[in-house]
Amino acid sequence: MSPIPPPTSAMQPVLRALRLPQFGWGSKIAALVLAVIVVLTLLAQWIAPHDPLTMNPLARLKGPIEGHPLGTDNFGRDIFSRVLIGGQLSLIIGIATAVVSVLIGLVIGMVAGFFRTADAIIMRMMDALMAIPSILLAIALVALNGPSVGSVIAAITIPEIPRVVRLVRAVVLAAREEPYVEAAIALGTSMPKILVRHLVPNTLAPLIVQGTYILASAILTEAILSFLGAGVSTETPTWGNIMAEGRMFFRIKPELILYPGLALSLCILSINLLGDAARDMLDPRLKKRAG
Amino acid sequence: MLGYILRRILAVIPVMLLVAVFVFLLLRLTPGDPAAIIAGDMATPAQLERIREAMGLNQPLHIQFVTWLGRLMQGDLGVSLISNTPVSAMIADRMGPTFAIAILTILMSVAMAVPMGVLAAWKHRSGADYAVMTFSVLGFSVPVFVIGYLFILIFSLKLGWFPVQGYTPVGSGLGAFLSNAFLPALTLSTIYIALIARMTRANMLEVLGEDYIRTARAKGAPERTVLFRHALKNAAVPILTVIGSGFALLIGGVVVTETVFNIPGIGRLTVDAILARDYPVIQAMILLTSFLYVLVNLLIDLSYSFFDPRIRY
Amino acid sequence: MFNRLTATLLASTMLAGTAWAETTVKAVMHSGLRVLDPVITTAHITRNHAYMIYDVLIAQDSQFQPQPQMADWAVSDDQLTYTFTLRDGLTFHDGTPVTAADAVASLKRWGQKDAGGQVIMDRTASLEATDDKTITWTLTEPFVPMLDMLSKQSALPPFIMPARVAETSADEAITDYTGSGPFRFVEEEFQPGLTVVYEKFDEYVPRDEPADWMAGGKVVNVDRVEWVNMPDIQTAVNALSGGEIDYIEQMQVDLLPLLEGDPNIVVEKREPTGMQTMVRMNFLHPPFDNQQIRQAALKAIQQEPVLAAMVGNPEYYQVCGAIMGCGTPLGSEVGTETLTQGGGVEEAKALLEEAGYDGTPVVLMAPTDMVALATQPVVVSQALREAGFTVDLQPMDWQTLVTRRASQAAPAEGGWNIFITNWMVPEISNPISNPMLNGRGDDAWFGWPTDEKVEELKENFIDATDAEAQKAVAEEIQAHAIDNGLLIPLGQYTLPQARRAGITDMINSPVPVFWNLQKAE
Amino acid sequence: MLFKTRNFDAAPVALQARNLTVSLPETPGNPQVLKSIDVTIRQGETVCLVGESGSGKSVTSLAIMGLLPEALKVASGTIALQGRDLLPLSQAQMRELRAARVAMIFQEPMTALNPVLRIGDQIMEVMELHTDLPLAERRRRALAIMEQVHLPDVDRIFRSYPHQLSGGQRQRIMIAMALVLEPVLLIADEPTTALDVTTQKQILSLIDELQQKHGTAVLFITHDMGVVAEIADTVYVMKHGEIVEHGPVETLLRHPRADYTRKLLSAVPSLSPRDARVVADDTVLRVEALNKVYGGGGILKSLPQAHAAKDVAFTLSRGRTLGIVGESGSGKSTVARCIMRLIDPTSGRIMLDGTDIADLSRRALRPHRQKLQVVFQDPMRSLNPRWTIAESLIEGPLNYGTPRREALAEAARLMGVVGLPEDALARYPHQFSGGQRQRIAIARAVMMRPDVLVADEAVSALDVSVQAQVLDLLDQLQRDLGIAIVFITHDLRVAAQICDEVIVMSRGAVVEHGPAAEVLAAPAHAYTRALIDAAPGRFWDFHNFRELPKVTHAQPA
C-alpha cells in the first residue's frame, strides 16, 4: 500500500489556483501590479495631494506644475488625485458587477441546470438577453434610469448574467452526471442538498475565473458608457469618466486620457492575466497536457 | 438537415418574442415621457395630453404591446418621434456603412487572429506564445476609443496614410472604401483579434493533444500539415462559435468607433436615439441588432457541419 | 420587415456615392438636424435650416434694424395698420409663385407658437391677404416692437411656407419641405441627426442690395451645401485640418491651438454678441421659493470660473452682468458686482443664515451630452456648496433634462431646483421677447416665477416712446430681475468658427448662413 | 499448439534498443521514466511488452517513434532501426522514417483518426507524405490495403468519415494506414484494449495474418496476459521503467522467474468458474419484465427509439452474486441503472425486499435507497474530490438520521475492514491510488448496510493486481455481511471468479441465464460461446502457470 500524503484543505482547487509560486513570471508581475494599484487606490484619500473635486478653472489644462505632478484638467482639478480616487469607484463598480452577476447567475444557473422544466424557459430568456447587445442595453438602462452608480452597476451586471448562467448550468449538467453525484443520490441525499453540497462547489473554480473576466470587462464597460455619455457623474471620478471628459482634450492634453487609461489598462491587464493563470490552473484539460 | 434548419428557425421566434417583450418593458417602465419631448419647449399640459392620446400612450401596457407587436409583424417599425421619418428608412439608410465595416473587421480579424492563435498553440509556452497572449489580453484591456484616437494620431495625423474620418461606400471603389474603412475596422479588430486568437490558441492546444494529432505525427506529417490540415479544421467549430458570440461585442465596438471616426452607421443612430428618447428607433434598433445576433449565430451553427462532418442534422 | 431591410442594406453598401456637384461646401454644424419644422421647436439648428430653405418677409440687418426682404412695408399714421407688399419673382421650390395668402397662413401658424407672435396676435384685429401681393395686418392698439418682432432672427422668425403646408396644425410637425429660400432641401439625402444636403435653388431671385446679416441679397455662389454632424469636435478639427470639410460652426476654444499656424485655416468670431449662459431657479419649491435664498445663490456665484471652465481662453468670453446682454442697446449691469467681481460668498452665507436655510438639498440638473452646458453646473455646484448649500448634482442627458425641466413636481419627486441654459444675445436683448423675464407664473418659462412687478415694468417698456425712455425702463427691469433672482447671468461667450481659407465672403451674422460665400477651388 | 514457438535467432534484427534511459529533466530530482532498458525485435517476430499502468511501456514506444512529449528526454542509450541509430536524427529525418519504416497504432481507435477528414484521404496521406505516387495509384493502393484488412464495402468506407465506422473498423483502418508502406516495424500500443472481446480477437488475428504476409516485426504493448499468451513470440515484463524479465512466451508463462512476473500472472483471474455457493431461499431482489426504451417523441418527426433493455428478469438471494455479462451496448449498465433508479425503467417491476420500487416517486423511494448501494467503474470520479473521505463516508448515514459521532466511528471501523489506515478519513480522494479509492467507494456503500450492492464494472479500470485485491474485498464483505451483489462486467474472467449466477446480455436482451459454472463451462447460446471463444488465452491457467485442465466445450480456438 503506497503511503498516504498528509491531509490538506477543503478548498484544494482554489488554493492551488491562488498559490502564486506556481504561476509564471507574467502572472507574478500582474499580481504585483494589481496589488500596487489596489493599495494606491485604497490609500488614495491619504496619498492624493488634492481634493479631486476642488477646482480652479483659471489654472486649467496646465502641464505638470508644482503641486500637480500630472497637471490639471479642464476644471483645473488635479489629475493625479483624480486618477487615484477614480480607481476606487472603477474598482468598486468592477467588483460589485462581478459579485452581483456571479451570485445571481449562480442561483439562476443552478435552477436551470437542475430542474428540467425551468430550464427551457430560463434558457430562452437568457438567449434573448444575450441577443441584446450588452453595450446598447447598458446605455439604454443608464440613459433611462439616470446615470447613478447604482444604475451603472445594474446596467453592466444584467448583460453579464446570461453568460454566468450558461457557465453554471453547463457545470451543473456535467457534474450531475458525475458518479459521485449519482452515488449521493443512491445514498439518499436530497436534491437541494446535492445541489448545495456537491454541485455548487464545482462551479466555484470556473466562477472565480469568470468573475475576474467580468471584473475586468465591467471596468472597461464603465469607461465606454462614460465615453458615450451614459456614465457616472463627473463629481465622482472614475477612470472612465476622467477619460471621457478628457477625450475632448486628447490632442491638447493627452495626459487626461493617458494616465487614467494607463491605470485602467494595467489594472484590467493584470486581472485578465491572473484570470488566465487561474483558468490554466483550474482547467483539468490544460493541466493534463502540461504534465 | 432541412428539418433541423426549420426547427432552428422556429426556435428563433420565442427568443425574438422575448427580446421584444424586454425591449418594450425596458422603454415603457423607465422614466422619460416621449410626449414631453415631442411637445417641445413651450408645451402646455393640455397639449401633452393630446399628444399622449394620439400616440396611444394612455392605453394599458398590454394593449400598447399588442398594438406595437401587430404593427411590427406587418413590417411597420413606426416613425421617428424626433425627425418624423419612417424608422425602416432611417435604418436602411444607415446600415450599409456598419455592415461593410463589420464584415471588413471580421475578415481582418480572422486573417490575423487565426494564424496568431495557431502559432501560440504550436509554440506553447514560448516567447511567441507569450507575445500573442499578451497582445490578446491587451486587446481586452484598452478601451476601444483610446485605441481609435491613437490610430488616428499615428496613422492619419502623423503619417497621413488615412483620412481621419468619414465613410465612402464600397460602390465608389474599393480603394476609396478601404482608405476610409481601414482604420475603424482595425480599431474594432483589436478586441475581436484578441478574442479569436485566444479561442484559437485554447482550442488548438486542446486539439493538439488529441490522439489523431499523434497519429498524424506518427505518419510522418510535417508540422505545417499537422497544424493546418489536421488540427485547425478540428478547432474550427469553437472558433466559429466565438466569432458568433463576439458579434455582440462587435456591435458595442461599432457604437464607439462610429463616433470616433464619424461613420454614418446604425451604431450612432442607436446611441443618438437612446439619448433623444426616440422610442420607435430604439425599439427597432435593439430588435434589429438582436435579430442580427441571433441570425449570425444561427448561420454559424448551420455552418458547423461544413467543418465537422460529425455534425449532421 | 427584415427582408426589405436586407435588400436596402445590400443596395446601400454597393451603391456608388452620389456624384458631387461642382462646388460643394461641407460644414460641421453645432448639432445634428432632426426636427424640420421651424415652428414647433426653438432649436437653433432647425432655425438655421429654415433660413436655408425659407425666406422671411422682413429681416434684421447688422444694426438690428428691420429691412425689406420678401416684402416692403408701410405703417399707417395711427400705428395700427401694417401693409406688406411682396416683391416680384418670388417662387416656391415647386415652381408655384409665393402669394400673400401663403404669407398670411404662415404668419398665423407662427403666431400660435412664438412668444412674441402671441403678443402680437393678442393685439391683432385682422390679418389678411388683400390681393396676391398685399398683406394687411391691423392691430387693436399700437405696438412699437411690431417690426422688431417680425424681423427677429431668433428664436422663432416667421418663415414663409406654402399655404398648404402652413395649414398644418401648430401642434403637429410639417411633412412637406417646400420652401422659397435660396436653397432647396434635398429630402432623399437627409439623414436625421447626421447629414443634411441643400442644393442651390436656381429660380431664387435675390434682392439687389448687398447682403447685410439676414437682410439684403441672398446670392448663392455654390451648388451644394452639406451639413455634417460630428459627435466629436476633435474629429471635426482633424477633418478640417485634413481638408475633408470646409467649415466648423462652433469651435471648442480649447482646441484652437491645433489649428494655429495652419495657413489654410482661418479661425474667427462670427458675430460680436455671442451667447449668454445663465442659471434658472425653480420658484415653486423650497429653497428657491424664498427670495433671500435666491439672492444667496446669486451672491455665491462668480462668473469668471464658470466661463473659464467652459471656454478657457479669455479672448472668447466676457464677464457680463447684463441680463439683456452686454453690447446691446439695453444692456445694463446694475446689481451684478458680486457676479462679475466676486466676493459675495460671505454675504451669501449671511443671507442663508438669515433666511433660515435648513440644508434642503438643491437638485441641480447637469446635462452631460451638451458640450455648451456640461461644465457650468459643475462649477456652479461647487460655488453653491462653498456658500453653504447642500447640492445634489444630478447628471443626465439633455433630453432627460428637457423632459424633467417641464415638471412642476417637487424636486424629490422628479422635479428640480436649478438648471443652466444658454440663449443667443439677440434672443434676450429685448425684455418683451426675453423668456427669462416672463413673470406670469404657470405661463412663464420653466421655473414659473410669479412676478407682477416685472410684468408691470414690461408694460412700461412697451409704452415707452423713445430709446432713452426704453433704456431707463430696461435698467429698472435689470435691477428688479437681479434682485428677485429671475435669473443669474453667468456671462457671455462666443464660440469662434473655423473655415478653410478657400471659403471667403461669409456673412458674420448670429445665424450662420451660406449665401454670399465663395469657395475657391 | 498453445503458444507460438517460432525461433527468430537467425532473423535479422529489426530494432534494437540498448541502455535506453528516459528522464524528466525539468522535474526536480530528474526522475527516470525508463531505466536503461534493452529490447531486441527481429524481423517477423512479435514482441510483447507487458506491465501495469505506469510501468513505462508506452514511453518506450514513443521513444522509438521519436514522439516523446516535450517534458521527457532520452538521457542515454541507443535505438537502432536496422542498425541505424535513430536518436541523432533530426526531426525531418525522423518524419521520413515514420510510417515508412516504423509505423504505430494506438489504443483508442475512436479518437486516433482525424474526425474531419475522409478515411480514404487519411490513408492516402501516408503515401502523399512519403512517396511520389500519382493520385490514382495512391487511391488504388489505399483500396488494396483496405481489402487486405478485410474491410467490407471498401469504396463506401473510402469516402466515409471515421464517426460512421465501428471501433473495430477504425482499428482496421489504423492498421491499414500503418502497413500501407510496408514498414520494418509495427508498434501496437494496446490496440485492442478499448475493443470488445470478439472484435479484439479479430484484430489480433488480423495483425498476425498481416505480419506473416509482410514479415513485419511487431512490438505489441499490452497489460493483458491473455493477449500475451495468444500472440507473443517473446515477452518483456516491465515494472517502474525497468525490464524485470524477458523470454520466449511459453517459458515465461510456465516458469516465471521474477517475483513480479509471478505476482502479475497469479492475479489474472481464472476462466474456470468458482464453486457455486449454497442457494439461500432468501430473495432480496427480484426483477420482472424490466424494459427501458430510449428516445421516441420529438416534435416535428419521431426520433429513433432504442430498446436498451428487453424483458429482463432475474432473482437474487442474500449473500449471492449475480453477474451480468455482455459487450458494450448490450444493455447491462442500463439494467444496473434502472435497478438503482438512477434512470426510470419504461416498464417492469423491481421488487426490493418485497416492495416494488420501479414506480416509486423520489420521495417514496428514499427509505428504500439505503438497501441498495452502488460502486461505479471510475474510481477517480466516484468520490467528490472536495470532500474528505470521512465526509463522503458518513453522507449516507447522516441522511438517514445516524448521529454524526456514530457514523464517524463506523467509518473508522470500515477503514480497517477495507484495509486503509484510520487516519485516511481526514484526507482527500486525490491522495489515494485508484485501488484505494475503489475500496473507499465500497466502504461508502457498506456504511449503509445495504441488502444489495450493484457493482457496475467496479474493477474494470484497475490493474490486475489491484483488481484481485478488490475482488477479494468484495468476497470477504459478502461473506461477513451477507450482501447480495449484482456484478456488471464485460470481463468473463472476473465473472467466472466471483459470480454464482450469470446473465449474458446482447443488444438489450438476456440470451442466457444460469449458474456461472453452467453458463461458462457449457454455454448453450451461440453468443455466449462466441464470447468465451474470443477470450484471449482462455486455454491457460495463469494462476497456476499451466494449461487449464480440461477444454470446457467443443470447438478449440
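For reference, chains read A, B, C and D in written order, and residue numbers begin at 1 within each chain.
Criterion: a contact is a pair of C-beta atoms (placed from the backbone, for glycine too) under 8 Å apart; a residue touches a chain by one contact, two chains touch by 3 or more.
In UniProt terms, the chains line up like this: A, B = ABC transporter permease; C = ABC transporter substrate-binding protein; D = ABC transporter ATP-binding protein.
Because the structure is predicted, anything quoted here is derived from the model rather than measured.
**Student:** Which chain wins if you rank chains by how close their C-alpha centre is to the centre of all protein C-alpha atoms?
**Tutor:** Closest chain centre to the overall C-alpha centroid: B.
**Student:** Considering A-B alongside B-D, which chain pair is linked by more C-beta pairs in contact?
**Tutor:** Per the contact counts, A-B leads.
**Student:** How many angstrom lie between the CA centroids of subunit B and subunit D, rounded to a whole number?
**Tutor:** A distance of 49 Å separates the two centres.
**Student:** Take the average of all CA coordinates in subunit A, do the same for subunit B, and state the distance between these two points in whole angstrom.
**Tutor:** That pair's centroid distance is 22 Å.
**Student:** Go ahead and note the Å separation of the Cα centroids belonging to subunit A and subunit C.
**Tutor:** Inter-chain centre distance comes to 46 Å.
**Student:** When the C-alpha atoms of subunit B and subunit C are each averaged to a single point, how far apart are the two points in Å?
**Tutor:** 39
**Student:** Which positions in subunit C touch two or more other chains at once?
**Tutor:** 232, 234, 369, 397, 400
**Student:** Find every residue in subunit A that makes contact with two or more other chains and list them.
**Tutor:** 143, 146, 229-230, 247, 250-251
**Student:** Out of subunit D, which residues touch more than one other chain, so two or more?
**Tutor:** As it turns out, subunit D has no residue touching two or more other chains.
**Student:** Would you tell me which residues of subunit B are touching subunit C in their complex?
**Tutor:** Interface residues on subunit B, with respect to subunit C: 31-33, 36-37, 39-43, 47, 50-51, 72, 75-77, 80, 82-85, 88, 90-96, 99-100, 149, 152, 156-157, 163-166, 168-172, 259-262, 264, 268-269, 272, 275-277, 288, 291.
**Student:** Residues of subunit D touching subunit B in their complex?
**Tutor:** Going through subunit D, the ones touching subunit B are 65, 67, 92, 94-100, 103-104, 106, 108, 111-117, 125-126, 129-130, 161, 163, 174, 177, 299-301.
**Student:** Mind listing the subunit A positions that touch subunit B in their complex?
**Tutor:** Residues of subunit A touching subunit B: 26, 124-125, 127-137, 139-141, 143-146, 216-217, 220, 223-224, 227-230, 240, 243, 247, 250-251, 257, 261, 264-266, 268-269, 272-273, 276, 285-286, 288-289.
**Student:** Help me check something: in the complex, which residues belonging to subunit C touch subunit B?
**Tutor:** 1-2, 4-5, 8-9, 11-17, 32, 34-36, 40-42, 113, 115, 171, 173, 175, 190-195, 228, 230-232, 234-236, 238-239, 241-242, 244, 369, 397-400, 402-403, 406, 414
**Student:** Within the complex, which stretch of subunit C touches subunit A?
**Tutor:** Those residues of subunit C that touch subunit A are 232-234, 237, 252, 254-255, 257-258, 304-309, 312, 366, 368-369, 371, 375, 378-379, 381-382, 393-397, 400.
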